[in-house]
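What follows is a group of structures, each given as structure tokens.
Next come two complexes, and both contain chain A; in the first it sits with chain B, in the second with chain C.
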Partner chain A sequence: MTFLSIVSRGLMRRPVRTGLTMIGIAIGIAAVVALVGMSRGFQTSWTNGLKTRGTDIVVSNMGSALTPKPFAATQADKIKSLPHVAAICTLMVDLISVEKADMMIVSARQWGGFSWGNLKIVSGRLPKDEKEKAVVLGQTAADVLKKKVGDTLQLETDELQVVGIVDGGAIVENGSVILSLSLYQEITGNDGKINVIDLRMTPGTTKEEAAELTERINSLVPEAKAVSAGDNIRNSQGYRIINAMSWGTSLLAVLVGVLGVMNTMLMTVFERRQEICILLAVGWRRGRVVRMILWESALLGFLGGIGGVVLGVIGVKILITAPAIKGLLEPDLNAVLLAQAVVISVVVGVISGLYPGWRSSRLMPSQALHG
Partner chain B sequence: MATTNAGDECVFEAIALKKEYDDGQVQALRGVDLRIHTGEFVAIVGQSGSGKSTLLQMLGALDHPSSGQLLYRGKSLEESSDLAAYRAREIGFIFQAFHLLPTFTALENVQIPMFETSRPVAERKTRAMELLKAVGLEKRVHHFPSKLSGGERQRVAIARSLANGASVLLADEPTGNLDSENAGYIMDLIVNLHREHNVTLVMVTHDMGIAHRATRVIAMRDGHIVSDGAGVPSAVS
Partner chain C sequence: MNPTRLIFASLVAMVMAVPALAAENAAPVSASQLASQLSALRQDGSSYVRLRMEIKGGKAETLQLQIKQRLTRGSSEVMYQVLFPKERKGESVLLKRSAKGGASGASFTPPNSMRQISDLKEPLFGSDLSYEDVIDNFYGWPQQAIVGTEEVEGVNCQVLESKPGKGDRSSYGSVKSWVDMRRMVPLRVEKYSESGKLVHRIDTTRVVSDAGHSIPANLSVRGPHENSTTLLDGSRIRHDVNFTDADLSAEGMKTIAIPHGAAE
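And now, the complex of A and B:
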């Protein structure tokens, strides 16, 4: 019989309570996995979207909202001829409700800009010119909106023709309604306004030169901020709030799990007072008794953590099929996050066992063994 | 070697040993002076509440005395830095209520004290098996305590007390919860350990019949030793 079998026997003596405690911690951990995985997924999806558009630097004003603030399109002219700039493409990116979909990415792109370049036509065609009252839909967007080539799409108050379905190569691209910038400006009455400039650098630009370029842009266009494509979303305050909230919310759920584990371990120590006294009486060191309690609660945390990861992953897989989320993001359930979640759970277990362990170590062997 | 003669070495020496409970409201031991030598079989008798169990618990370091001195083989137990090792290796404790761990089988219960030794896991099991065989329980090793009779439980407890080769056995009314047939068997088992392995035996009992098998009978009342029949020969041949 090994120490671990003693530890697991301790948990097995009350299978229902152990199970319920594990479910408690598992729910907390599942919340971590789901919320953090989703918010990270939002980030990576966005970044991947930029990458497939061939964007190296994004100029936008990521305020506290999820979509950037508009500014004058003329600002783009200041940037165009800076050194190391290969091409720019101005955009208006919005997150609005379109017909039955509550949240849809609308990506209006400068006619002829490079950001059209990555779109592979699945069916139909691209708009004929920038004035044609037409949109193309990413595959997922078409799916969510239930549209095919030839249908009409109501955007704000205008009826536009769906002329093509495209594969944008990234989840955000595929979840977008894509149309010409000037058409969208007209529809929304935002003449001369943009909120994103995609910038492609000349090949062979060094990191230092890129940094210098972003600095120049920032001084030329104070109402927006230039960041490298990878950093773009991470720097947005909106994203930061989402990220903080998902950690905050899920850690709150974990805290509830902590209380559950602590309660269970305390009860265990109380009801096993006599057994702990027996262990001490036959010569177990206090340290070994404390270790037994800590291992028990760590094991409880570990098993709860594994359960939570499974629960979280399944939950996310179900969640992303929901129409409201579909096409907006791809959850980022990487191995590191899942391992982090299990580690959190084990740490939670150990911490919850500290006080009960300390309690058990203060018992005198005679205390429960009189007679 | 069947001897009931006390050796010369002093196993326990208590000097003015006192134990109070509840902040002095209960005085369980009121100054006990006592010497117990290697190989002795000491019976402690006395009315309920006279302090017999308390004295035994002091000897087994299951609790701290309130004052006075207690030496084990010449060394103060209070000053010992490692009472756990003392409990694990030197002493075997046998309780009236058996005090087995309910979630472990007989075989596992006997292995519990061996966690404080460097004995390899496989060897622990073999040794526990041998010990259970020695108390006649080889057929019940995988039973949980709840599936064993009182007599069988006490036999497991005896095997456990010997797990790490204790040289001193402390038994607190070991047959108090047993019927006379089982009690006889358990007594024989314990007395044989004392005789055949020269184990020093201190036993609390209220059964004068049992007490007469001892080499020495100590009577207690109100936390004092009121008579000590040291040197009184055993009634058993």
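And now, the complex of A and C:
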């Protein structure tokens, strides 16, 4: 009998208890995968949306809300003539309830700005001009709002014509209601206000020049902050809170898993006292006994981790079909996150086995005689 | 000490320490001070609010509303207007309450049906809220008492009981508010009839930070009808909006317009 077969036999001795403990860990790890995957997915979706629009730098004021605070559109004039700026596009991006839908991204864009360029028309057309009372819908937005070309859409006090369905190339774009900036400013009463400036740099701009440009913008426009497209959402306090809460909640679930594994391993040590004492009596070193317990708990963690990853991925797939978040984000369930979750689970297993392992190492071979 | 006991004792100490630290932060205030603070936060001048109202149970319906309000110590004027669905667009309700406590109201249904509201207990747009719930400021009532502390969703709250005075024409006998003292937000409100029967329960389901204050953004309203709930989701608020008297008049009810230029 090999060392590993002793380890696996130890776990199979009480299959129900082992199974229940694994389910406990799996739930904790599923929480890690689901919550962290969703919050990272929000970041990825937002960043992909910016990349698709061809944005290199975003100028906005990401406070504690998920959408940036409005500021005067005239601020954009200070930026457009700076070196290395190829083009800018001013926007007003909102996250509001539209008709029966809980929450929709409304992306109002400067007429003729480059942020319109990535939209591929699936059906219908783009608005004729910036004053036409019309919107185009991303494919998912059209799905969520149950709209087709020719329908009307109530946005704030105005009824707008749906003139086109578009493919924006990213989930954020496809989940958006898109219209001209001046029309949205008019219907929301935000005359002369924007909350985002998308900036495209001239080709060949180096990292150093880009950093210098963001610094220049930050000194010229104190109401907002310029960051690279990838850092935009990470800069949001709202996102940081969501991320911290995801990890906090996940770690609580993992803590419950730790206690479960520790309990199971302690019970194992108590129940197998005679066996462990015999192993010591036949020459096993105390370190080897400790290793056996740690391997058992690590294996328990590993199997629970695999189960948790599967459970988490399935859970997320179900979650994203919920009407409240459909079209708003794509979960980021990349291999690194899934591997991290399994590693966390194994580490949890090992940590949980430390105390039971230490208890087993204190047993004396003579205790085998006591039964 | 046995290591198991040590771990257990440490966990117990950690769990006990959290509420103890939270309790230390709350400064004691009297009932009237608390009510007065909540009343002042409510009477925040002129503001514009966008709201989604979802009525569940019975005649289920989702409405998009806009609210124009002027709330001061002297008087309250509130106008609710339906933006969506299309077939109800333009329905408006205007409610006013003077400093003396008298409330009145009118409702408008397009194209030209205007009527005075005779019973403030009527439901607002068929929801679980009545006109009275919209215009009442029970934190301004003369009888206020702190009747205990209780947790709501893990937050330790002071329970404030408000009772109307003789001059306050309210159909309610008392109102209890579970107030989160740190954020100064009622997390739950229960309204009782004069016979002590629970008529309404309003739960705050989301709190947001707005202009340095915490405000309830999402509410769930239950009662008086069983199996019916109204969910209110606030999506936008603007302060210091310059409303004219005409905006908050019978004529103003006939126009669906959004105020321009106010701070968001």
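Simple rule for what comes next: the second predicted complex is superposed on the first by the 368 of 371 C-alpha atoms of A that agree within 3 Å, B and C clash if a C-alpha of one lies under 4 Å from a C-alpha of the other, contacts with A are read in each partner's own complex, and residues count from 1 in each chain.
The definition used in the following text is that a contact is a pair of C-beta atoms (placed from the backbone, for glycine too) under 8 Å apart; a residue touches a chain by one contact, two chains touch by 3 or more.
Predicted, not measured: the structure shown is a model, and the values here were computed from it.
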| task | Sticking to the clash and touch definitions up top, decide whether chain B and chain C on chain A clash or fit. | result | fit
| Does chain B (first) or chain C (second) touch A:D191, or do both, or does neither? | second
| request: For A:D102, select first, second, both or neither according to whether it touches chain B, chain C, the two together, or no partner. | output: second
| request: Please work out whether A:L20 is in contact with chain B alone, chain C alone, both, or neither, and reply first, second, both or neither. | output: neither
| said: On the A-aligned overlay, A:M245 touches which partner chain: chain B = first, chain C = second, or both, or neither? | reply: neither
| request: Mind working out whether A:E156 is in touch with chain B, chain C, both or neither, as first, second, both or neither? | output: second
| request: Determine, under the contact definition given at the top, whether A:A211 touches first (chain B), second (chain C), both, or neither. | output: neither
| Which partner does A:V282 reach: the first (chain B), the second (chain C), both, or neither? | first
| query | Touching A:L4, do we find chain B (first), chain C (second), both, or neither? | reply | neither
| field | Lowest C-alpha to C-alpha distance for chain C against chain B (Å) | value | 19
| said: On chain A, which stretch or stretches are contacted by chain B in one complex as well as by chain C in the other? | reply: none
| note | Residue positions on chain C within touch of chain A in the complex are 3-4, 50, 52, 62, 64, 66, 83-86, 89, 208-209, 233, 235-236, 238, 256-262, 264
| query | Given the complex with chain A, which residues does chain B contribute to the contact? | reply | 53, 57, 60, 62-64, 84-89, 93, 95-97, 99-104, 107-108, 111-113, 115-116, 121, 124-125, 160, 163-164, 172-173
| Within the complex, which stretch of chain A touches chain B? | 1-3, 6, 9-10, 12-13, 274-275, 278-286, 288, 364-366, 369-371
| note | Contacts from chain A onto chain C in the complex sit at residues 64-65, 69-70, 96-100, 102, 152, 154, 156-157, 159, 187-191, 355
